[in-house]
Every structure is written in structure tokens, then in C-alpha cells.
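So that you can tell them apart, the chains are marked A, B, C, D, E and F in the order they are listed, and the count of residues begins at 1 in each.
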């Protein structure tokens, strides 16, 4: 062993002082479990995969050819931007121990507290930070789907940056950081509320304020290349295993069950959307089944650690049907232009999942009973969490968008929109030569 | 629970008792190993990646542009469909303890037995279920490559659904569920027989019954975008680590050796195909080397836990050569139209691997000696497994296809084929605008 | 065994005795840790993902349409070729215990020493072999970006094959195999020197000797499809977690911290490149931010196990700026045609990272202090490692390229270059029909 | 009979088609072309290398018409595509010797 | 000399080429175009939004011929593409002032 | 007025454009076409199946010119694209009845 220690000095003489994550201070000698750590390292990698290239491609395929790079670069830049924001201040606001129950403080800003030896539960503390970072990233990236093909790139960056600090970090604190929603008993295993309802509402408010794309409802805005969307949707599905099963924060029975129900709900959502589309619109589309699978994944997110296979089946089917209705009926009735249906899928899907978690939760699986096991009040607890998130996300998004519009403007001008954002905002194009 | 039983009648009528996986019944307090669990969680994710978007893209790139979405949606829909079938009945038929040695019973239907705490070996029981689910998915998806560009979407779904229940589950039972082939000592580490021979034969029979594509041998049916095929082939390779090394059901020396030989056989297969193509047809093609690598991966699948690096090298080379011959000589001689050479690569590659497992197995590695170590009879044992699979898969496939053809018809009409399946079956297209 | 030796003469002539990895011989019963093993199995898979399809796509998107398959097939073929070379001789030259401190011997050729039970640290020995194999693969694949769109395929294969044996294996031995650079205390956690400087210098020398692409600086050589580049860059990022955090050789605090700083440096590099490009060239491009992220990833590679979050932030920003300067200023000044800026990103980025590792290393994190903690001499140690690598890689690359040019020729002729390498070298094309 | 060819901005295609249909034109053929004219192309910069893209994407419309439809067709195209900005495009009129409808074999004005 | 332009169904291209080669035509130029005529386009529905695609993919063939090849060329194209269904396409014949073969500088019938 | 159409090798486009601009041509329209002629196509082999690709990628350039520009235009195109090899391409000259600049409504030589 001595030889290898020389080769890899880092393995030798590990810093002797362990700084325990405050929450764990009471515990006797928390120790890293290598298996749990291995799974969380993996989960972090595949949750990142969900955003780049997952979300990026899922959306890019639905854009017109002249905007495809602009869509891709949005997810990619957000990945960079939110990583730095999370390091500087986001993590601290979401997970530091503060006196109040609404938002953390600045104690952990710049990740000053991180050491190689610090432990959080059974995994290294820095791993928890970077795992959560990938959640902050994807939440912001999801919103862009509603704003595509017309928003100024600079305005978008200001928006998601501010939104992440003002909306995402607090809501995370409420649910997972020890804030008032976790106190109230709201169940949200992997982010149905924090990630999906939150981004879905922001998407809805922002796209209404931004206005419709030029030619919406008149010109042909059909998806230019659904191959990209299918790739993106597939990577979302695969990465979602990290999202949901990773949220067990260990490689255990809970993670395994979370993965199982995730798979079932995604499959059920895809089939449900396909079948209803087939019967109503006469053809089963690629965009449809992929959308349905994502709807199922969204809805199982809050439920993953709490329900069993049959609950997952029900949640997936209902999510597929409700989100189908949102994208094909509700949106056209309310006449807003949510480019790629972020609200219909993440907003409605997230709400569906959050409510149904309260219905299908099984005590033997996640420790909390749902309405079917007699605990009817869990549904109102869930509704409480949903309402709080909708209100805060909705209002704060409106204020941020308003402020940006009054300063640098949120939308590209008409000619730029016709020219396409790839060329106009980024000076690049897809070439056929 | 009664409510949901009413909503989904199909969920009803099954005993609620928990059945622990019998094989473990004798063990004293089986315990989850977090490392093994972490690796299996990961393996499940990357085996799913093999199908979506792996197989989907591998095939889509070989299609003509007017059929690319139809190919993608097939793999994606199969992922959804087989997940639900596996949950409802497939897993039970494949892995429950039945009285006979040909097929399981319905004891585990709807995964009623799953609890968060149930253990299978050193991993959670639900993890074993979902890991195996991804195998059922990919096996069905592989078949579609032979039927592409002309099969009705509805017929395809009926076919793979029935096939999975009637063929896949029983064969899995025979080999891995305690059936007669495992009793006979057939070696199949990760599915050379169960997955590849099985799907390869089904593909052959089904594509012959379906008939050739319009214009086959006359018109230009060249692959429209091999970029997709290279991406798909690459993801297959990466995911195959989960397939083969995951089949060790733990993070141990066997898994590591399986990964090593997988890498070597894939590389050898790719080079062998490339070199023979280069010398015979004067140019090394992207499609060729990717096909060869997949051939090597197929052939090492049954052998992965049983052979060493040199055996893997030999298996990879032979698979590359034999599958090359199958795709470029045999197919044209026998004049069937296997669109993307599923039989040549998975059928022949699987047979090659199954036989060579009997040749190159090393006792020190997998516990069983092969012919090179004197155990000549292992070859006939392997042939027995191959024959049983070919017969059952061949006959049952023929019956299912025949029945579907007589009822809803298996093939789109001539004009639809000319128009393209994307538009005709799914109402969608790739647009260039 | 005799049979196979006759069939594959290349397998012959090597001692059949098993040689246990010497470093471990002395240890008392080394034991596999399943968690560490799980993480290394995963890391191996995602480092392979970096090359296929990561590097393949990252480069292919920057090529013109007529060369896209040729670029993809290069990375794919290299994956096959280097796997076999590594098995036959590369691993042995890099990691066997030799008497000298410059290169290993042939003791481990053909991986004769591997058994299922052999352990290396806390992981199976075969896993270490295949993990390192993926590093050998990507290093060779990276070089191709400088030579794209004009090099003969056969010449390329000869070049990377010889280069891997003559340059990659020795340099690896110097740094990680117990050679003189590790003796000198050079810090290189995951391959800043071994992988990036090494390939970056080889790329520079080889592309200068190869000459510019026809039409360089005159015709439109713009990237044809940056969608592929964004996908490739994203997969590089995700896979880099395996590269850097996997280099901790376990699932521990060091791996977690390595992942955290990798994420931060990538993000910082992307933003830095984007912002400077935005201010100088007026538009932020997709190619720019992806390039910057890769620059950040390259630079953090040697530092990953040694620096903290703030050091990573600084390294990422500096790498983004320096590599931007390399690709947009230096290259045009020196008038060489490095097709996809391998030198600017991997060469300069690697040097930046290697030097800054000496600046920002934190004793509490990796066991070695950097200049900021008073250990100024670490910088000169780092420079020593950089210089040794540059000299050896530069000279040997020049000799190999020269020899190949004198024998089979390195470059396609002018008409073939105009026709495109896809058709000319591989007989394939992307079709739009 | 005349063959009228118009080079227009891609975003105007739907408008032109509607107007032509209104005045009784029943067939036309379009294709994607690249135009060079007073309207400048654009510059793309990739990693510091500038590429001058001198051609602008345009749509070419070809309509075969009878002699008495010529003026109304030109008028229809002009009115539906004119913005007054550089790059609006051009119309070229060629004399058409003969037209044949493949399906029926009809020729001349019948075939249009 | 005449320039014969035919708008045909994409699936007929190989047939037309063969027939033209048979009657001695040695050169032609084809391009992908979108046609609007009696043959209707199709509708695509994405997440409930309907898009009317009014243009149908067609191939345009251009063949320059000498005056005495005109009839046989038209006959060849017609015979190889007629199915009797709507959408079979059209043939347009234009008068060709001059032809030049760039390689040799030959002009007129020589150059065809 | 004449409409000059040239079918050239794709790699010659930039050269042609430069030369035309030099002699005072201010507008042109190009498109991607596939040519069939003496220059043979190529064969692709995928998994043993041979596909004969008989068409070669070409660029079509269309330039409307006044009568006195015809000769210089033909000369300019010829000189900038001739390599002497098969496949250099062809030039076709058609009589142009009328030209209209959409933006201004100008017609005839003014509009070119």
C-alpha cells in the first residue's frame, strides 16, 4: 500500500480534522458509505446529463431550424451560470441553517465550509452540494422552453440568474432546507414542487408577459427535427433515475423502489398520451409519446420514494392524460404561447404528481400514509405546498420579468425574430454545405 | 387501496401476500450491499440508455429520411409498452418459482411482492426487477430493425407485446429463472441466448413473412444519416457495460472482468469487420466498424463472466468476421430483406458467442471450464441451449405474425410506403425550414 | 490454450504464468470495496462515453458536411484500435514495474496477469486496466481534431497506434506508473500532463507537418452543424466526472471534491470564454461557450484532487481566457491550421492547469500545498513535468509523422479533399433524401 | 403562355400563395435558392475565423400562366411581397413554348 | 434547341432517367422542389396545433435538347411518369437561345 | 435581356461570383442541383448492398443580364470555371421577356 500512497499523495494523510455538517453534529462519527457515495456521484453525472444535452435537445428539436442553436446555447449557458451562482450564494440560501423558516443565510457562501472530509449523512458534503447544484441547473433550464424563439439572450440570462436566487433557493429551503413546508409535512421526494411546479409556473407567467411568437397560430411553426427531441427525451428519462433514485441519497431499498416506480410512471405516461392522441387526433406521434413519458416522469418525481408500482401506474396514466389536455386544449383556449409546453408538462404534471403523492403514498414504503391508506389530510398538506410555490414563483417571476423589460428589454425585435435567433443573437447557423 | 383497484380493474384480483424471492429463502438475513446496489442502479440506467436513444438511433440512421421518426418512435414506444407488460405479467412469468421448468406462474404479477426492504442476493429485490426490465425492453426493440420502413405501427405493437409474453419471458425462465436450460448447464452470462439469438431469430422469421421493402435491390435505400447510427452504436457500447458487467449483479471482480472482456471483444469485432471490408470492398466504412463493434458486443454477451482477455479477443474477431459474412453475403444469397441486419448481427453474433463461450470458458474466471480447458461437452450443452431458443422463438414468432396478419394486417400499403411511415403512420416529418 | 495460440500467432510467445501486480504483492489480503468498485465501473463507462460519441461529435459538428463521417469514424476506430494496443502492450509499458524510470516492460503484455480475484488498491485489478484504457483511447482521439478534413485514414491509424505506444505509454509511466516525474513530485491528478498537454502538443506538431486544409483562410470552412458539437461538448462534460472524480480510484471525499471543482471550473471556463467573445466579437456563440467549458475542464484535470472551489473558479476563468486567446489570436498569428483547435484548448488549457495546480493546491485537500500556501517550488516542479512532456511528445510525434509521410503518405490528394473524405476515404455520405 | 419566376423573401411565401390562389392560379412550383444582390449577406465568426456569407436565403416561385394572366400574376406577386426594403426580390418573365399535363396529356393553356 | 423542364414525383426519377438515357439523352439536371397544384398537401398535428403543409415534394428535371429530340423527350418523360393520378406533374418547354459546354467552349447543338 | 443559367462545380461558386462582380453584375441567384452527364457519379456500399449514385452535386447559377452583358457574362463564367475536366458544366441562355424589381416596380434593363 505504501507504493500507491506515494503515487497518489492525495490518498495519504487525509486532513485529520473532520468538520461535520452541522445537522449531523449530534450524531456519533458520521462515516462515508462508499456505495451510497458511488451512487450519488453517478446520480450527479446523469442529472447533469438531463440538462446538457437532455433538455437542450428536447427543446431544440421543437424549434424552427433558424433558432435551434439559440435553444441549445440557452441550456448550456444556464448550466454554467447557475453552477457559479449556486457556488457563490445559491447553496447557502437554500441549505444553510438560518433563524427563519423562509430562506437560508450567507454562512455557506462560496462553499467556504467544504472540506474533503466533511460528511453529510453517508456521503461527502461536497457531493451533496454538487448533486443539488444539478437540480438548480435543470430547474432554470426547463423554463427556457416557454420563452424560446423570441427572447433576448442577455435578458434570459438576467432572468434565470435572478430567478434562481430569488425563487429557486428559497423554495428549496422551504421544502428541503428545513423551511416551513417541510415543517408542515409536505411530501416532495425529488422535486415535484421545488423543480417542476416552480419552473412550470415561472414559464407560464414569463411567456405570457413575453407575448406570442410572430406568426403564432398563422405561420408554420412546426418542430423542425424531432430526432433531437427524441434523443433529448430519452436522456431525460435515463437521467431521471439519478434525479429520483438519487434523491434517496444512498444506494438502498428506497432508491431501488424509486427507480422502479419512475420507470413505470414514465412508461404509463407515454402510453396514456399516445393512446388518447391516437384516438382523438388519429395518429400516434413521436412528439406525443415522448411528451407523455416526460409528463409521467414529472408526476412521479414528488412521489418516487413514497408510492409503490401500482400507485406509479396510476400517477403515470393520469399525468399523461392531464398534460395532454394541457398542451392540446388548455393552451389553445387560454391563448398563451408557451413554445414547448413547459407549463402543460412541468406545471400541470408537477401539480398532478404533488396531489397524487398525497393520495397514493404507502406507509410501508416511505413512512407516510396517503389518502388511500386513510390519511386524507395529506392531500391538503400537499395542496398547501403547491399553493405556496405557485404564489411565490408566480409573483416573483412577474416582478423580475417586468424589471428586465423596463431596463434592457426582454424581446428581440421583429426583424431579428424573422431572421432567426441563431444568426441574430449568436452569429451562427446550421449549414447544409 | 380499494379505490385504485376500482379505477384500474386490471390491478385487481391478485393476492397481496409478499413472496420473497425463493432462492434466498434459505439464506440467513440477506443484506443489501450498497456498492453492489450502486452498480446495479447505474447498470439499469445505462441498459435503458442502450434502447433509448441507443437502438433507436442506431437504426434510425440507417433508414431513409421519410422513415426516421417511425424508427425512433418504435423503440421509444416499446420501452413504454414492455415496461408495463413486464410489471403486469412478464416478470412473473420469467422469474417466479413455478412447478414446471418451462415457464413461471402469476405469483409475482403486478409486482405485488415488492417491498422496500425485500432483498435479492445483495441488492434490493425491486432493483433486480427493474434491471431485468431493461433487458426485456431492449430485446423487443432490437427486433424492430428487421421490420423497419414497412410495418404497420399498430401491428408492430401487438407483435412485440405478444412476443415478449410468449417468447421472451419463457426463454428467460429457461435460462435465468431456474428452467430447464439452466438445469442443463447452459452458460449465458448476460443474454447471448435470451436476448440476442432470441431477437435475431424472431427478426429473421418476421422479416421474411413481412416481405421485402418496395424497391429493395432496385432503388436507392442507402442509410440517410449515419451520424445517428454512430451515436447509437456508441451508446450501445457504453450501455453494454451495464448489460454485461451489471449481470454480475454486484460490483466485484467478476463485473470488472466482464467489463474488460466486453471492451476487448467490441474493439476486436470492430477492427475485424473494418479490415475485411477494407480488403474486400476497398473502403472501411463508418457503418462497417460500428456494426463490427456491435457484433463483438453481442458475441461476448454470453461469455462475459466466463472468459479472459484472450478469449475475448478471439470471440470479438470471429464475431466481426461471421457477422460481416451474414450481412454482406448470406443475406443477399438468401434474398430476405432484414432492413438493418438484425439477424446477421444479433442472431449470428449471438450464436457465435454462445458456442465460443463453450470453447473459451476459463474455470478460474467463471467457475466452468470450456473446450480449450478440456471440457469439450460444454460445446454441446451450448448448442442445446441455442437450438431450444431457435426453435421456440422461430415457431412462436411465425404464429404471432401470422395471426396479426390475418386480423389487422402487418404491412402498410404501397402508397403509404412510398409516402414514408413518418407522415403516413405518425403524421410527422423532419423539416428543413 | 495451444489452439488459440496457433490461430492468433500474435498471442504467442509470452509467458503463461500469472504475474500478480507487484505493487500489491506485499500487502496483506487486499480487499475489494464494492462502493469504490461501483464508482470505478461507472467512471470507466462514462470516460468511454467521452470519446464515443463525445469527442466524435464535438469534432464532427465543426467539420464540413462532406467530412462529418470521416471525423466520427476516426474516434470510433481509435477506440477499437487503442483498446487492443493497450491490451497487447500499452498497459504493460505504462504500468508494469520496470527497473528504469522511463518506461515499463512487457511483463503485463496481453494482460496475462489478470485474474478475477486480483486487486489493485480497493478495486479489482482488471478494472484499473480498463479504466486506464479509456484514458489511452481519449488521448489518441483528441489529436484527430487537428488533422481533420485532410489526413489519410490509413496514415491516421498508423500514427495514433504508434504514438500511443511510443508517446502515451511512456509519459503515463513517468507520471502515474512510478516513473521519474512522479518521483519528482509533479502533481497530475487526472491527466492534465499525460492526456491534455501530451495530445495538444502532438496535435500541434502533426497539423503543422500535415499542412493547411485547401482553402484555409479563403473559402468558407464554417462548422456545418454545431448541434453535434453541443451534444459532444455536453457528453464530454458529463463524462469528465468519471475522468476526474474517477481518478480518485474510489467513492470518497476526494472523488466528491474532484467532482465539485470540475463542475465549477467547467462553468467558469464557459462563462469566461463567452463573456470575452461577447465583448470583443459582439456575439456570444454556442461554439464559444462550449469551447470555454471544455477549456475549463482541461485545466481542472491535473488540479481536481488538489484544489478547492475557489481555486477551481480561478483556474476555470483563466483557462477560458487563455484558450480563447489561443484559438482566436495565437493560431491566426502563427498561421497553422489546427482544424478544431486541439492545441489551443488541450495544449494551452493543459499547461494552464498544470501550472495553476502548483499555484492553487491546498494541503488540506490533496496533501500538497501550492504557491499560495507558500510552496512556491511546486510551480517549478510543475514546469518540469510540462517541459518533459512537451519535449518528448513534440519530438516523437514529428518523427512518427515524418516516417509515415515517407512511406504511405499522410495526406489525401487535392481532388479527394475537394470531394470530401466521407466519400473518398469511406465510400459513404450523409444523404438528405 | 409565360413562365413567371419570382425570387422572394422566404417569409413571404404563404402570402404570395394566398394571393395567387385568389386570382385563380391553380399551380406553382417553389424551391429554396440563395440570392446575391444589393441585400448584403452576413458574417459569421467561429473561434476568431470570419466567414463572409454573401448569399441570402430566398424562395424561387415558378408559375406557368396563360398570356392573359400575366399582368394579374405579376401584380399579385408584387403587391404581396413588396416591403420597400432592399432584398424584396425580382420577377422574371420567360416565353413558354409549350406546356403538357403529364396525367392527361393535355397541352397548351389547358395544361396550365 | 429547347430547354425542357418537368416537375415529377420523386419516386419516378430513376425511371425517367433510364428512359431518357435509352433515347439518347446524355445530360440532365435535377433539383428538389415543392409543388402546389391539384394534389393536396397534408396536415401535421403537433401537440394539438395543426400545420397545413400545402406544398408537396417534387423533383424538377431540366434537359436541354436539340429541336429534333423535343418530341421523343416529352414522350419519354410522359410515358415513364404517368400514373393517371393527380400530381403526376407537368412539362414546360422553353426556347433555348444558346448552349455552351464550359470544358470545351463548344456551342449550340454540339454542346448539348 | 437574357437569362443565363450555368451548371457548375460547387467548388467554383466563389470564383464565379467574384468574376461576375468584377464585370459589373450586381445580382444572381444560385441553387443546389444534381447533375447527370458525362461525369460519372459514384457507388456507395453499405453492408454489401451497392448503391449507384448517378447524380453529381452541382450548383446552378441564374443571372439576368442586359443584351450587351451577355458575352462578357458567358466569358466570365467560362473563364472562372473551366478546368478542362469532364464535369465542368454547361451554360444555357434563354430570352428574357421582362424583368421587374419588386421593391421599386422598375421594369426592363432598369430592373436587372
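Operating definition for what follows: a contact is a pair of C-beta atoms (placed from the backbone, for glycine too) under 8 Å apart; a residue touches a chain by one contact, two chains touch by 3 or more.
What you see is a predicted model; the values in this text were computed from it and never measured.
> Count of steps on the shortest touching-chain route from subunit B to subunit D?
Minimum step count, subunit B to subunit D: 2.
> Can you list every chain that touches subunit B and also touches subunit C?
A, F
> Tell me which of B-F and B-E has more C-beta pairs in contact.
Between B-F and B-E, the larger count of C-beta pairs in contact belongs to B-F.
> If you average the CA atoms of subunit C and of subunit E, how far apart do the two points sit, in angstrom?
Taking the average C-alpha coordinate of subunit C and of subunit E, the gap between them is 52 Å.
> When the C-alpha atoms of subunit E and subunit F are each averaged to a single point, how far apart are the two points in Å?
18
> Indicate the residues of subunit D shared as contacts by at least two other chains.
Touching at least two other chains: 31, 44-46, 53, 94-95.
> For subunit C, write out the residues touching at least two other chains, lowest number first.
33-36, 38-39, 42, 46, 220, 222-223, 231, 251, 281, 283, 285, 287, 427-428, 432-433
> Return all touching chain pairs.
Applying the touch rule to all chain pairs gives A-B, A-C, A-D, A-E, B-C, B-E, B-F, C-D, C-F, D-E, D-F, E-F.
> Considering only the defined contacts, which subunit D positions touch subunit C in the complex?
44-49, 51-53
> Residues of subunit E touching subunit F in their complex?
3, 17, 26-31, 64, 94-103, 105, 111
> Could you please specify the touching residues of subunit B with respect to subunit E in the complex?
218-220, 418, 423, 427-429
> Sort out for me which residues of subunit B touch subunit A in the complex.
Going by the criterion above, the answer is residues 1-4, 7-8, 11, 32-39, 41-42, 44-46, 48-49, 52-53, 56-57, 60, 68-69, 72-73, 76-77, 79-81, 83-84, 87, 110-111, 114-119, 123-127, 129-130, 133, 153, 228, 231, 251, 425-428, 430-433.
> Using the touch rule from the top, collect the residues of subunit F that touch subunit C in their complex.
So the residues of subunit F in touch with subunit C come to 11, 14, 42-46, 53.
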